[in-house]
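Each of the next two complexes has subunit A plus one other chain: subunit B in the first, subunit C in the second.
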Partner chain A sequence: MGLWFELTRNLASRDVETRYKHSLLGLYWAIINPLVTAAIFGFIFGVIFHVKTKPIPYVVFYLAGLTFWNFFANGIMSAVGSVSGNSALLAKIYFPRVVLPTASILARFIDFLFSMGVFIIFILIYQVPVHWTSLWLPAILLIQIFFTMGIGYMVAALNVLYRDMTQLMGLLLMVWLYFSPVIYRLSQVPKTLQTILLIDPMGTIIELERNVIFTGHILYPEYLWVAVAWTGLVFLGGLALFKRVEPMFAEVM
Partner chain B sequence: MAAIRVEQLWKQFLLKKDRADSVGHLLLRMIPQPQSKRPKREPFWALQDITIDMPEGTSFGIVGNNGSGKSTLLKILTRTMTPTRGQIQVSGRVSALIELGAGFHPDFTGRENVYLNGSILGIGRKAIEQKMEEIIEFADIRPFIDTSVKYYSSGMQARLGFAVATSVDPEILIVDEVLAVGDEAFQQRCMDRIFAMKRGGTNILLVSHNLGAIERLMDQAVWINQGVMQKIGNPRDVVFAYRQSMIDQNEGRNQQEAVSGADQEGGPLALRDAYVEINGQRVDSVQSGTSLDLICELDNVSGLPMDGHFSYTVRRPDGLEIVSVSSILDGPPMTFQRGPARMVVHLPELYLTSGEYEVDAACFDANGRRLAEWRAPIRFSVQAMQATPGLLVLPHQWQVR
Partner chain C sequence: MTVNEESSSPSVLSQGSLLKKDQISRWAWVWAYAAIVTTLAVVRYGMFVSQGYSLAGYLTAFSLILQGRSAALPGNLLTHAIATQSAWGIWVLAPFAKYLDLSFLFFASAFWVGSGSLAIWRIGLKLSRDRGTIMAASILYLLYPSMIAANIYDFHLMVWAAPLILWIVSNALDRRWLHFLVLLVLGTGMGVGVSGALLLSGLGLLLWRPTRWFGLATWGFTVIYWGIAHGLSWPWPHWLWQGHLDLRAALYLAWIILPALLAVGGMVLQRSLYNNGWWLPLMVVVGFNVALGSVSSTSPFTDCSAWVAPFLALIVVFAGRLPSRIKRLALLWSAGWVVLMGGYLYHATWRPRPTNVAELHGALALVPEHATLVSQSYILPHRHVHSDNLPASALNLVPIPAGTYVLIDPSVWDGFTPRPVMAAWQSRAMRVRGANLLYHQAGVWLFRINHTIVPSQKG
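Up next, the complex of A and B:
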């Protein structure tokens, strides 16, 4: 069991290293990408549409949402191809295949830590007060990680059978982004819609993550349990699906 | 306690002509179609009722033509595939060399790949560090160990792969074909290493077209043809049966060609007898270092004179080939007139150590295609003045200078 952890770690560090070794802007994806996106959203919604994000400066507001969201979205997008893109490893010998999507999500977690660094720098630059409830952040992140892994397992397995899962997930994540309170606040949404958005665990998770950092007001604590229940369901379901499809990997590829 | 036990193993592949391989395709499927248009599943049995028992501390060879299911069997044994029916039981830590460069990441250096491979094979970083020197030494890639694997030649990849797979102290080593890559010196080192591991108690499962190696190294062998076990047991018998079938196939092919071709080229040569002679006397025991003749009596039954080649190979009974003479290498083909002939090759000196030896005889047509092989090896024994280890007793002189 410990050995599989080591394999996961090796694969993840391999993933991160290759990414940074072979591109001039090694940290581009982890840092510049959310920065540029945050700047664009800041320009469109802050400058053009005058959306209020007070008391948080809009660049920091968008960066907060996008940093957490990108970890989720990039995790899924890496997991999708993690099995089908590693056929050389699959041919070698048996190891639990679930190591592959887990390692790719772990690699994106390392990216996420880099972009967290940038996020913190921006908090410092704009001197945004941070609430003590930030200490809860790791717990919420843990829920997010398990949710990401659950979906990651599902799509990684399905992508072996249906190779256009990547495109499908790209589309789905785009829609998902706009239906989650990433670039807006839940309180800006009409009451009836709020409930619907909160049923989406990513909505609750992102809203919570931003709230514990900046305001300390947990507006909808009861939905945390909905998110936890979803996460448990998705994680176990994803794992079960993965195990179900696993014997077919070698034959289909 | 068996290292590997395979019981009534069946493996079926579904060759679905039209499997939905994308979500888009899947959605199209949902549009109702007339039943008859649905593609049929075509079952294909890659392995049928394979039963192998490989006791602890033994080695096993697998032979068979391409596409006979050998690789599928290995994939099931390394658990990269699951059997359709039947049981497998593999007890012990497995290291496998199934595909060239499998498990290597092209962007990583040789050294990094060794660590990565180690963790796939279940070996920790510490343990690999201790083995690193030995691996680099054996693979003979010291100047390139910190270069990306994508710049490696296939030979270098093969050497590194072999070095890693055999350096992790596996209890079971599964090797497939990879020895075909790399020069002869390296192949020899691979075989030496496999042999050394076997002596050290490692269970070896070897798939190879190198029949001599199977005969020489393995305790047991199985011959699989089109997914069905043809013969299992003593490697000599299994290899013999397999060779025989290949010759029969070739003969069948030649006959077909002869029937279809107008000019009876490649008409059959029949081998009648083969033996060893000294000064015209048939013998079955010779003194080491004396001159001898290898004789094969043949009959050109094609009705026409034909050109052909001949080869003799002297082997130890365990399959190790000691010397081989072949007229293909020596010059233009010889002409066999109609009717019987004696094919004689004169060896002025043959300095073998004491022991039993065998000679294989085979004849080929002018293009080098094997026509016939003397089925029963010619056996003879050699007596040397001294009992010495090794293969040869060479004339030598001692001096103090």
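Up next, the complex of A and C:
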């Protein structure tokens, strides 16, 4: 198990290094991406459409949602090509293949930590009160990590068989973003739609993350355990699918 | 980077990964079950769709325990539920329900029930059964209506006894005495009602030679523990004694006749299915429910029938390798139940669901946190673990003290409150004297009663 962790850690740090090694701005990209996206959404929804996010300033509101969402979306997009993009490595040595998507997601977690730094700076600039319940954030993040890993395992395995997974996931994540309460408040949508959005674990997770930071209480606590249950299923289902497809990797690649 | 070259021998690797793959898949089934049932429960809860009757009783008991008060509820309300039956498990569950939300109860129930399928797999593998037979037994267990219907927006420790039976049998087969004894002790936390489940699983173990000692241990433990705790004064023999045998009512019900026909069909097709000791505990459960003589007790959609499911699964898994026609019959049986359950849930709960949810929330917001509230079963759990609750049917049964809040929505019948009782509450709400009307919108009434109502003064 220790070797497994070491391998994952090494692959994750290699991923981060190679991603930013020859780029001009390096790790700053991890900060620039959420900032630009938040600025665009802030301009469109805050300035043009006057969407209400009070009492949270709209820049902080969008940054909060997008920081957590980007970790999920980037984690999945990295995981998609993690196995198919390492065919040379797979041909040379034996190691548990599941390490590859896990390491990709871990690498995006390092990016996420930088984005969190920016998010905290904006909270300080706008002097938004933060509640002690933010201490629950690591527990909610853990659920998010397991959910991301579950989907990551699925798409990484399927991408070996069907290379259109990258395009499909790009499209799917775009739709998923708008069907999750990332850039709008859940309380702004009709009651029936709220229920549907909360059954999606990412909807609940994003809502929980924003709630524990800014409101100090969980608005929809009953959906927490729904999210936990679906996360467990997605993680184990993803792992089971990965294990099932794993013997075909060498043959296909 | 480390290379695991030594372990890459194809045979060792493939065996190891196959075993692991199977284990992951089985756990994924449990989580899938938990996810689906928890989601259904939470959605029903959010829409105030009935029932939640026992859940309301448990939440009240949790609240009383956390306030350091006795959890014994007045009169014979929710007799099957609460601490008067030494269910120490509710002391353990109370803080979880309070601080992790009541939906934790939905999740924990669904997950624990789902884990019973893991026990079936262990039993099946121990008995060298093929994958299809084990799968058929698991499906029979998981899709048996009371395992789902009694868990969707409700809570019963009686249902928790079903996977307990399977885990007890699994550990007896594995000859794991410590695990086995821990499970017996856990059974005591589910209340004296569950002593019946322990005795019945002990009966099945006694009838099979390799597990005879485990059967004796189960009987010995159950009789001694509950003998000390209750002086052999157990509630279920009393219920049985009070019940009246109404075979006509039971036999008219499709849910008794159809499954019996299917079971007989299965036995005719496959001899090993009836040459099996687990029929006896199953017959005792069904016989007991029929003897109680009520629709609720024979219904496969209530917690009363929960113990049928594990014994049914044990019959199948102990019967030996089954031909595919029997497996298809098992699938047909389960599919039939799911369709029936869908119809039942639609007819009994979905169709008469309240449309005035916003008003119900509005009225509930006016009830102080620690006040006693009388209401319908589907409304009470929305107070979470906060205060004393009484079902609306309490009007017939126990004194209701002055200062009690009453919230009623006569537009929806919760399946428990007699209609004359609802009418009596409504007329009390409309009286100028005797009650303070606090809220009345979209058919939702909230009032506070000014003087104690005793059963003889009802209405």
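Structure notes:
In the analysis below, the second predicted complex is superposed on the first by the 251 of 253 C-alpha atoms of A that agree within 3 Å, B and C clash if a C-alpha of one lies under 4 Å from a C-alpha of the other, contacts with A are read in each partner's own complex, and residues count from 1 in each chain.
Definition applied: a residue touches a chain if its C-beta (ideal position, glycine included) is under 8 Å from a C-beta of that chain, and two chains touch if they have at least 3 such contacts.
Predicted model, so just to flag it, every value in this text is computed and none were measured.
Look at A:Glu251: by the touch rule set out above, it reaches subunit B but stays clear of subunit C.
Within the superposed three-chain model, A:Leu7 lies in touch with subunit B and with subunit C [touch as defined at top]. Of the two partner chains placed by superposition, A:Phe146 touches none, neither subunit B nor subunit C. Of the two partner chains placed around the shared chain by superposition, neither subunit B nor subunit C is touched by A:Trp136. Looking at the shared chain after the overlay, A:Ile93 reaches both subunit B and subunit C.
In the superposition on chain A, contact of A:Leu161 is made with subunit B only, not with subunit C. Residues 3, 6-7, 10-11, 93-95, 247 of subunit A contact both subunit B in one complex and subunit C in the other. Residues 3, 6-7, 10-11, 93-95, 191, 195, 199, 221-226, 228-230, 232-233, 236-237, 239-240, 243-244, 246-247 of subunit A touch subunit C in their complex.
Residue ranges of subunit C in contact with subunit A, taken from their complex: 1-5, 7-8, 14, 17, 20-21, 24-25, 27-28, 31-32, 34-35, 38-39, 42-43, 45-47, 100-104, 106-107, 110-111, 357. Listed in rising order, the residues of subunit B touching subunit A in the complex are 13, 20-26, 75, 78-82, 94-96, 98-99, 101-105, 107-108, 112, 115-117, 119-122, 124-125.
On the side of subunit A, the complex with subunit B involves touching residues 3, 6-7, 10-11, 14, 18, 21-22, 88-95, 161-165, 168, 247, 250-251.
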